[in-house]
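Two complexes are shown next, each including chain A; its partner changes from chain B in the first to chain C in the second.
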Partner chain A sequence: MKTTLTFRAAVLSLFIFAMFIGTWHLATQAPKESAAAQAVNAEYAELMGKGAEKTGGFPSPEKVGSAFVKYLSDPFYDNGPNDKGIGIQVGYSLLRVGTGFLLAMLFALPLGFVIGMSPLMTKALNPFIQILKPISPLAWMPLALYTLKDSEVSGIFVIFICSLWPMLINTAFGVAGVRRDWINVARTLEVNPLRKAFLVILPAAAPTILTGMRISMGIAWIVIVAAEMLVGGTGIGYFVWNEWNNLALPNVIFAITMIGLVGMALDLGFGTLQKFVTYRE
Partner chain B sequence: MSLINPFDPNVKLHAGCSCGQHSSEAEHLEAESAALNRRMVENTVMRALFPQDVERRRFLSAVGVSTALAAISEFIPFGALEAFAQDKGPLEKKDLKIGFLPITCATPIIFAGAADFYGKEGLNVTLQKTAGWAIVRDKVLAKEFDASHMLSPMPLAISMGAGSNATPMVMPLMENTNGNAITLHVKHKNNRDPKNWKGMKFAIPFDYSMHNFLLRYYLAANGLDPDRDVQLRVMSPPDMVANLRSGNIDGFIVAEPFNQRAVYENVGFIHALTSEIWNNHPCCAFAASEDFVKHNPNTFAALVRSIMRATVFVNKAENRKGVAAMIAPANYLNQPPTVVEQVLTGRFADGLGQVRNEPDRIGFDPFPWHSMAVWMLTQMKRWGYIKGNVNYKEIAEKVFLATDARKRMAELDIAAPKSTYGKHQILGKEFDPSKPEEYLKSFAIKA
Partner chain C sequence: MTAHFLSVEGLSKIYPTADGKPGTPVFEDIHFAIERGEFICIIGHSGCGKTTILNVLAGLEEASAGGAIMDDREIDGPSLDRGVVFQGHALMPWMTVLGNVAFATKSRWPDWSKAQIEEHCTTYLEMVGLGHAIHKKPAELSGGMKQRVGIARAFAIEPKMLLLDEPFGALDALTRGTIQDELLKIVRATQQTVFMITHDVDEAILLADKVILMSNGPLAKIAEIVEITMPRDRTRAEMHHDPQFYRIRNHLVDFLVNRSKSYAGSDAAQLHDAKHPPVVRPGLVPDGTPSGDNGGRPVLKQVVNQ
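What follows is the complex of A and B.
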């Protein structure tokens, strides 16, 4: 029964995809060249790029498809500092996201533990967290550029600050929500605090913590694209900006799809990890 | 050395430079480095002549310093050695990061990289494409870029602290002249008289840009107040083309190739080249912080030499086609080659069905006229970007290194103007750099 449901869902997915591409194809059929355009002289027509591949209007799925083939067939080329293959660009973005995310983890998990275990700390730090949490990570960018004086570090800082809050809050929430019974059992057995933290609280709070990490990663991946479009240099966000600079929409659509695919892969990774630590009571 | 703080009781306000013996800071720096150079050469020679220091001292005290100097000068050509030292001075920094925006104004900077003019001077330059002027400014101030392509009013504004923290900048050479245009949406084909443009929306690339000043000048000359009668919005060039297509703006003034790109995309036409407003007006520049120049004088000189050579090369009409092909790929401008070629050769489709032939559509001339800096300052003051008393000449001479440029141009056999001040004709009105305040007063429309 389950396989047939999966199968039927897959067929439906494919159908929706085919419909989408078909509609797109029909909607982007190039209109015929108007007679007026042909009236002007030959040199003018040539200077206007008649006959050449033009970007006029929304690109057809065929054009986007050829962009996929072009970039994916050679993902690691390097034509200088401002023109690198998609593989290298995604690599740069992942590196930035990874660094910022790890830093946030090193900071958020211990702090979240402390906050979760102490009602006093929860109350004391809550106003700060509540104020800092809703700030758009990109709003930090000018401040970061100004104080850190390095766009690379600023990018990582922005990832750090946006990954921090979901992890911190979820860790605190998870730690605070560990069943009283288990903590009481640990207390009766006179388990030392460190052992209690690692062997009782951590496994109990792990699913909530991982949910926080998963949310953080999702946000970080969204933010890195915007940050790279802003400061440029390298990364998938820069790739989008560079192609937009050439008004090359097929390439922009290609990059958008890649961003989606990588984001999905990251999310699936955390989903698997989450399954690994989930337990049933 | 920043602009002198006029409220500091310990500084001399009227002296030209920090030591007070030179008319400007640039000249002071030049003299200082020349003196240092001479000392270095003399030191080397004396050490070679007298391996034992005791002997040198004995010799000097026996014959006296002036006699000794005369005697040694007789057979050692100090002057030539000095020039030699200056030319071959060791580079303080070889790996450099230079920012640029993907526009044809940056042609000399890009071409010097593409044809490896930097390498011939022993420099290893990474050209970093940047997303906007504000980022260029921030990256230069953060020292991420050693030097950068900038709009020529930017180093003036940054030095004065307009739109940023005051950081002294220098501009050793101009990149290009002309090379911009006013583009309008095709629906304004029959709306060519600027007097009827009330209520229209225009995009400009940056506040501190020649584009902004020229458009404002043009509108004001036609009786429109650019702050009240039209809307001016800061936008990045590709956004301008996209917004023109969707009709969010009526036109824009920007560097090439984006005017030509709008034509190529069938969304706009070229209303006027900026050369029609002010022929040979300055546009973009190459600039670095004074701090960088002070710590890396030889590197800076090598950098300026390579870009000056590139400027001369790309300015020749016969080279333009090849240059266009070199700078069009994705690593640099990332534009269709025909669009770049139309800009550089000046034979282009205007978007109205005509092929125009304007060889002066863009020019490349490295000389940073002081008078042009003064004009920019008058316009900044005119539109309220800077306020109060402006010491036009002092700022212009501090930032635009025209004297220095003339010397370097002479070294490379490039003809340079005799004076660093000239009178300019802008829409038929003469600008006299010696009377900036009177010039300002002559405008009926100002902020």
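What follows is the complex of A and C.
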């Protein structure tokens, strides 16, 4: 029964996809232009020194498809600062996200532990967290650029600051919510604090902590595109902005799809990790 | 007083009310003693502070006044000397059955090798009949099996005293009976000193040497201590043939149903001496059930310490 449901869902998905592409195709068919208009357009194109076909409006699926083929057939070429393969661009973005995320982890997990263990720290730090949390990570950009004086580091900082809050809050929440019984077991066994932290509290809170990490990663991947548009140089966000400046919409659509796919892969990765630490009672 | 293995002296507990002021004590001026190798059950209605007393003995909670001395040392925190079996088994679900017991064993003997720990744990798990399930996760076990693991974990650290907080409360009658028999066997074999909370009168009669009866809270007191005078080698299958059984059982049920409520205003409460609560042996009375509220007098025959 389960396989048939999966199968039916897959067929439906494919159908929706085909409908979408078909509609798109029909909608982007070049309108029949009058002969006069065509002549004017051709003349204009000639004046601009370009072929007539480049002036068309929203790109058709065929054009976007050829952009896919072009970029995916050679993802790692490097022809200078403004022309790198998509693999290299995504690689740069992942590197920034990874670095910022890891730094946030190093900060958020221990601090979250402390906050979760101590009601005093929870109360004392809560106002700061509540104020800092809703700030758009990009709002930090000017400050980061000014103090860090390096666009690369600033990008990483923005990822750091946006990954921090969900991880911190979920870690604190998970640690504070560890079943009293388990803590009491550890207490009656006179387990030392380090062993208690790693063998009781960490595994007990792991599902909640990982949920926080998953949310953080999702946000980081959203923010990196905007950050790279601002900072420039490399990365998938810069790629989108660069292709927009080139008015190469097929490439923009290709890049958008790539962002979605990579984001999904990251989320799936964390989903798998989450399954790994989840326990059944 | 220190002649006893464990003595509880003047214990009372006050929880703060919602507005932070101290409330009425749940119980106050509790005195009792446990000898080495004794099995003590404590019975009383919810809210009389049984679990609090057990937690104080475990060192998990602090009393508002008074204290407890075990083996000449004051109890001032949790200790490996006292193993606890929790009401809701409290197994760590991310560890296997063996892992759970090994976690306790490793805490007790940090220097033991892995093989040594595994062997030790397996012995105790086999003792509770779980030799076949040691690599399973708690989620794969039934409620009774989980509680058995909890018992094995508490026994594995070889504590001086075992504290059981209503360990069979959530189990069905059949499973409960089986595990009671197992517990009885192990306790007799190991000469373990046990303090156990229960709501089940039959369970108390089967397992205990003495049953502490608590009156209702707040201001709960030890109303009396009932000595189970039936032979110690009693079994669940045979004990109801013993003429003592129904006398003791009726006495306990009568207390729970009638006297525990009205205790506060009764004659018995007037005569109550917190340091020496009446010790009674209802099993030895030749006939009839002692009636609590009218008869301070006939009851006195069974009262052995007055």
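Simple rule for what comes next: the second predicted complex is superposed on the first by the 265 of 281 C-alpha atoms of A that agree within 3 Å, B and C clash if a C-alpha of one lies under 4 Å from a C-alpha of the other, contacts with A are read in each partner's own complex, and residues count from 1 in each chain.
Throughout what follows, a contact is a pair of C-beta atoms (placed from the backbone, for glycine too) under 8 Å apart; a residue touches a chain by one contact, two chains touch by 3 or more.
The structure displayed is predicted, hence computed values, not measured ones.
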Count the residues of chain A touched by chain B and by chain C, then name the partner with the higher count. B
Output check: A:149 vs chain B and chain C. Expected answer is one of first, second, both, neither. What do you get? first
Thinking of the overlay built on chain A, is A:230 touched by chain B (first), by chain C (second), by both, or by neither? first
Touch check for A:203: first (chain B), second (chain C), both, or neither? second
Between chain B (first) and chain C (second), which, if any, makes contact with A:246: first, second, both or neither? first
Which partner chains sit in contact with A:79 here, chain B, chain C, both or neither? Use first/second/both/neither. first
What part of chain B is in contact with chain A in the complex they form? 102, 126-131, 135, 138-139, 141-144, 237-238, 241-242, 261, 263-266, 329-332, 334-336, 338-339, 342, 347-349, 353-355
Per the contact definition, I'd like the list of chain A residues that touch chain B in the complex. 40-41, 43-44, 46-49, 52, 54-56, 79-83, 145-146, 149-151, 229-233, 241-248
Seen from chain A, its contact residues with chain C in the complex are 179, 181-182, 184-185, 187-191, 195, 199-200, 203-204, 206, 277, 279-281
Partner chain A, residues of chain C touching it in the complex: 58-60, 78-80, 82-84, 86, 88, 90, 92-95, 103-104, 107-108, 137-139, 157
